[in-house]
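Chain naming follows the written order as A, B, C and D, and within any one chain the residues start at number 1.
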Amino acid sequence: MATLFSTIIAAALVNNLALVQLLGVSTLFSFSRQFSATVELALLSFLVLFPAACINLLLHALILQPLGLEFLQLFLFVSVSAGITALLGQQLVKLFPLLARRHIRAVLLMCSNSAVIGLSFLQSTSLSSLPIKLVYSFGAAAGFAISLLVFAALRQRIDQGSSPAALRGVPLYLISAGIASMALLGFAGLV
Amino acid sequence: MTPLAENLFFQLLVGGSLLGSLLCAIAWGVAGLRKRLQEQRFLVDRINSILPQTQCGRCGHPGCRPYARAIATGEAINRCPPGGDRAIRRLSLLLNEARVPLDPAHGEIESAKVAVIREAECIGCTKCIVACPVDAIIGAAKHMHTVIASECTGCDLCIEPCPVDCIDLVERAPAFRYWSLAALATDPLSGEPCHD
Amino acid sequence: MMKQRLASSSPMQFFPLQTSQIMLLVILATLPAMLVATWFFGYGVILNVLFATLVGVLCEATISRIRGRSVRATLADNSCLVTAVLFGMTIPPGTSWWLIVMGMVFAIALVKHAYGGLGQNTFNPAMAGYLFLLLAYPLDMTSWHLPAAAMNFNSASSPLGWQGFLQSLGCLFPFLPLLGDSLTVDGLAMATPLIESKLAAGNAIKAALEEGTGLFARSSETGWELINFAWLLGGLFLLVTRLISWHIPLSMIASTLIMSLLYYSPSAVAVLGTPYLHLFGSATMMGAFFIATDPVSAATGSRAKIAYGIIIGVSLYSIRVWGSYLDAVAIAVLFGNFCAPLLDRLLAPRKYGHPGLFSKLLGDITTGKSSP
Amino acid sequence: MIRQAFSDLFERLGSTSRRGIRPATLRESSLRSRIMPTPIPRELILSLQHYPDTSAKDVSSMKPCVEVGEWVAKYQLIAREKGPNATRLHAPTSGTVQAIEEIPPAVNGQRARLAIRLLTDTDERELPLEPPSDYRSLAPEQMIQLIEDAGICGMGGAGFPTATKVRDALEKGVKTLIINGVECEPYISCDEALIRERADLTVQGAELLQAACLADDCVIVIDNAMPAARQALKEKLQGSAIKLQVVRRRYPAGDERQLVKAVCRREVPNDGHPTDIGVLVQNIGTAVAVYEAIVHAKPCISRIVTLTGSALLTPKNFDAPIGTPVQHLLNLCGVNENQHEFTIRGGSMMGQYLMDQAAPIEKTTNCIIASNNAEIPEREAEQACIRCGYCEQACPAQLQPQRLLASIRNEEWQDTVELGLDDCIECGACAVVCPSRIPLVSYFRAGKEIHNEDHSAQRQSRHWQERFQFHQYRIKKNQEKARSAKVAAQSAGEEQGFSRDQARMEISAAVERVRRRREALARETGHGEEKS
């Protein structure tokens, strides 16, 4: 129980993909104009991140490693995540036209998102056991989705302010992300 | 003596309650999602309900619904002058797109209009009656026509067909508005903006 | 005059307190802690605060000038003073002037005015400035230069004497030829007000056990309790006058207390600390009453405030005990600030006549749509 | 100054359990004397537009049924309601109708409205009243009819027609009738004076109202700052089934929804009325007017108005005829001209500055404050919001004014809907406690106006959509008809038949058009009635 918990905390908070590892930061800034849209985007990104990381992990552990084909991993990771995004996008268009109209670009760009690939790479080099890696993937994906939500709420507050024109928008988001990173850095060593 | 937090029973308790609340949250999320997804089906209807329904065709489509269909498949949202900023704002929220100014190629934002027939000049040709998309013009052949003001959308489709040019578009009286945000934004004492 | 009045709207009566006066009252509430800290650590504390205020005011004036705003109006809200006082009290007394300048400029320029000035910053300026310094200059921020007298409470001279004042001034401005060779400043790596139990725990408990609590013995090791009580006193003043609401302090202190009770084990006191130490042996009181409650960067709304306090309290304890950083309050508060907008959104109060979260939840689950 | 600040802060200390604020009460001066009858002024101005006060499209909600130059007797009906949301108007005294004309707006945000100018004579000749022989045996519907005939509207503030409200309650079935005697505004004392001096009428009015709406029980609610009224009510209520409840003085405790929550511990649904949860709320002044209407069949021609403020020599309560110019009442109190800088209609919390001293007292006017800058200082310049949350603690609708403000300033209308801008009751508690002196209520009013425009635009577009769909349907049908006619003509092979068919079609189309025109006209007028 304690290991499970600490793994999730480690993945979601201490090694947060977006704000500590700085992977997939573009998703934080570019695709979430309103909060309700970000909730959907967070869900979609979780739906891409978690299965992709799991499949990548399993393929890596069950096929690449035994066969000694680890040089293929980048190719494999990219094609798996592209396949998952394509599948998701297709289903969206078919079943949920409004959702697709709102997020199709973000979802398609996620196939080459560094968060997906980066998570898979981090996992493939880590030494922990396969179940722990799967739990870690879950935590990391959930942490990414939650940081999307937190940042969307923060962005809305920032946009409401009367900041100087030169700093309005992305510069201020970057400053905020920096300060937030500083705070999350403080959690280092927690697990 | 181990701390309370390392007690197995305590851990199970906390873990169980956390898991339980997680499950509850998921159940809620799924239920909420189901509701939201039910709204998904009628994308064209939802877009159409935002458009002003003047049926003026200035967007390049023969009516509001065709334009809504086009928007659903990816057309720009800023081609509706009668809808103006309000429609663009609501469409951008619905479709999660950037708020863009109105496309000037399709006309400019105007205040609401209403068509008025100069009744003395009307020859009763019924051409405008045929053209009106909302049946707001009444009158019979060879008789004077008139516009039901409350039904008129101000689409100007009746102007073109009129052979004697006896139809005018006049501005509707704007809604009574007293409190203005612009006035609030300036300091009454110094006249400077209170916040920028 | 009369015309404007006619154009204005109800209500026509107001409570007499204004923002600037509230800020002054907050500063008033910090006075006990400032005095106690001075009593223990010498004039360095007050000098820090004064110098930080000077830098802060200059910085704020410059920026509002650049932004084309009325300098007088910007300074008149007194918010910069509160930032300066809190910042000055968190950094170690006896640091050099440039550290204060960097921290204050970071706090005012980047954390406050970049976001649009008072009321619009999402992070607490004082804490962000402090954390910036801690990450950038860890050694300077953990070295405490105290007058000789404050180091050794058996010494004959008082740190509050003339000698102590000159020594403190010399620490702040090392280039001043104040005392010549007679300047004897003890450099000591130890806890700042925010860096606590890891280093201070063993010493404080040892001192308390061996020498009795010795509340008024002027010792940098046992002084923390008194300083915390002073913060608590100031905090209670704020509570009683209802300048702050009880939600944040109470939930933050309670969650810290519960965490430390859960993990309390007499055999591991040196590592995990005692509940008493977690509450009064460090900066918990200051954080709970003065830093986390900064209205601009905190959550608003009572439910959101409670969640915000719990997040800060739990991360405070976690960082202190398991984290690798020494400072906990600043990090925990900044993390809380980061979460605050989301908490505001998710835990907004139930509007009158609207279904509450629970009934909405039930309605969602049972019918698939929210009840009216 | 600082002492005042502290005492106010401690005052707030007591208000933890419920939202709202506790401004100091300032009713004493106007309660020193008894309610004064008002000498009839030379001219009465009877406004024909009273509900709703500000946003109506029309200049009048009543139709005058007298002519210019006509002589009217006291109690004579002079205007009838046009739609469901208006009441009738009776002549408060005898006199000649001098004019029916538009008068300028009395306060901010109001439009010009139609009014009857009545030149009074001194004889006060009245129509004979026809009171029911035994008012105790009247059926509820008859009582409501009497209330409607008397033209009574809510005396508390909004002025909703009482008969409509009671009828609605009767249809839905109510459990509790609440008689609202809580006055939460600092200055207004008309309700307190009324209870103090006419407690028996109040109680009888409450009993009649209870009989009219068939409520199970009836509660008279007053606040704890009116001991004399409490004593008087206690005496009159001995042996009565009506209960007396005393709530803590707090602003805005007298608001209908707050009162329901305080008495029944239930909240009124946001999109409903108190009658939806089985509660009917009526003001204490309304109860007295109902008594007069049912027992004596006397129409509502006067009301109690508080005149107060530091510019008046003798503040007091008046029993003023509807239509009395404010100036007339001010003169009766004696104005210290040096002190008098402005006049407020309504209380200091929800009232508005009076633009014209000649404006009349209306059925909803409860207070006139003549004051100056020393007593009611002007709002200081607006400063930045520091999100202190005091407004949130004060908001009786449990909204988050600070977040609403940010959304309104940034014109994020979607968010303002979610944050409940439409639930704001504009009580002003948030603006009172704001340390940054932000005129929050003005922002909310501006936001609401834009909301309203949005809503009406949406309604309009929905309507147009229906019309367009019908248009398309009609064209399709006509085409089909034409095609079938053509087919028939071809089969007959007769050119003549074809032209006859066409003629028939044209005739039927013309008939159709006329029918639709009638329908449209009917709908239009129907709309007009609904709106007014």
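Note that contacts are C-beta pairs under 8 Å (C-beta built on N, C-alpha and C of every residue); 3 or more make two chains touch, one makes a residue touch a chain.
None of these values were measured; they are calculated from a predicted model.
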Chain pair whose interface holds the most contacting C-beta pairs: C-D
Report, in whole Å, the distance between the mean C-alpha point of subunit A and the mean C-alpha point of subunit B. 35
Centre-of-Cα separation between subunit C and subunit A, whole angstrom: 33
Roughly how many whole angstrom separate the Cα centroids of subunit A and subunit D? 55
Rounded to the nearest whole Å, what is the centre-to-centre distance of subunit C and subunit D, using the mean of the C-alpha atoms as each centre? 50
Quick check: what residues of subunit B touch more than one other chain, meaning two or more? 93, 179, 188-189, 195
Subunit D residues counted as touching two or more neighbouring chains: 108, 384, 409, 414, 439, 442, 445
Touching at least two other chains at once: which residues of subunit A meet that condition? 34, 157, 160, 162
For the protein chains shown, what form does their contact graph take: line, ring, star, complete or other? complete
Subunit B to subunit A touching residues, read off their complex: 11-12, 15, 33, 37, 39-41, 43, 46, 72, 74, 92-96, 98, 195-196
For the subunit D and subunit A complex, residues of the former touching the latter: 406-407, 409-410, 414
Considering only the defined contacts, which subunit A positions touch subunit C in the complex? 35, 149-150, 153-154, 156-158, 160-164, 167, 172, 175-176, 179-180, 182-191
Under the definition above, what is the set of subunit B residues touching subunit D in their complex? 48-49, 51-55, 63-64, 86, 89-90, 93, 132-136, 138, 140-141, 148, 150-151, 153, 175-181, 184-185, 187-190, 194-195
Of all residues in subunit B, those that touch subunit C in their complex: 1-6, 10, 27-28, 31-32, 34-35, 38, 179, 183, 188-189, 192
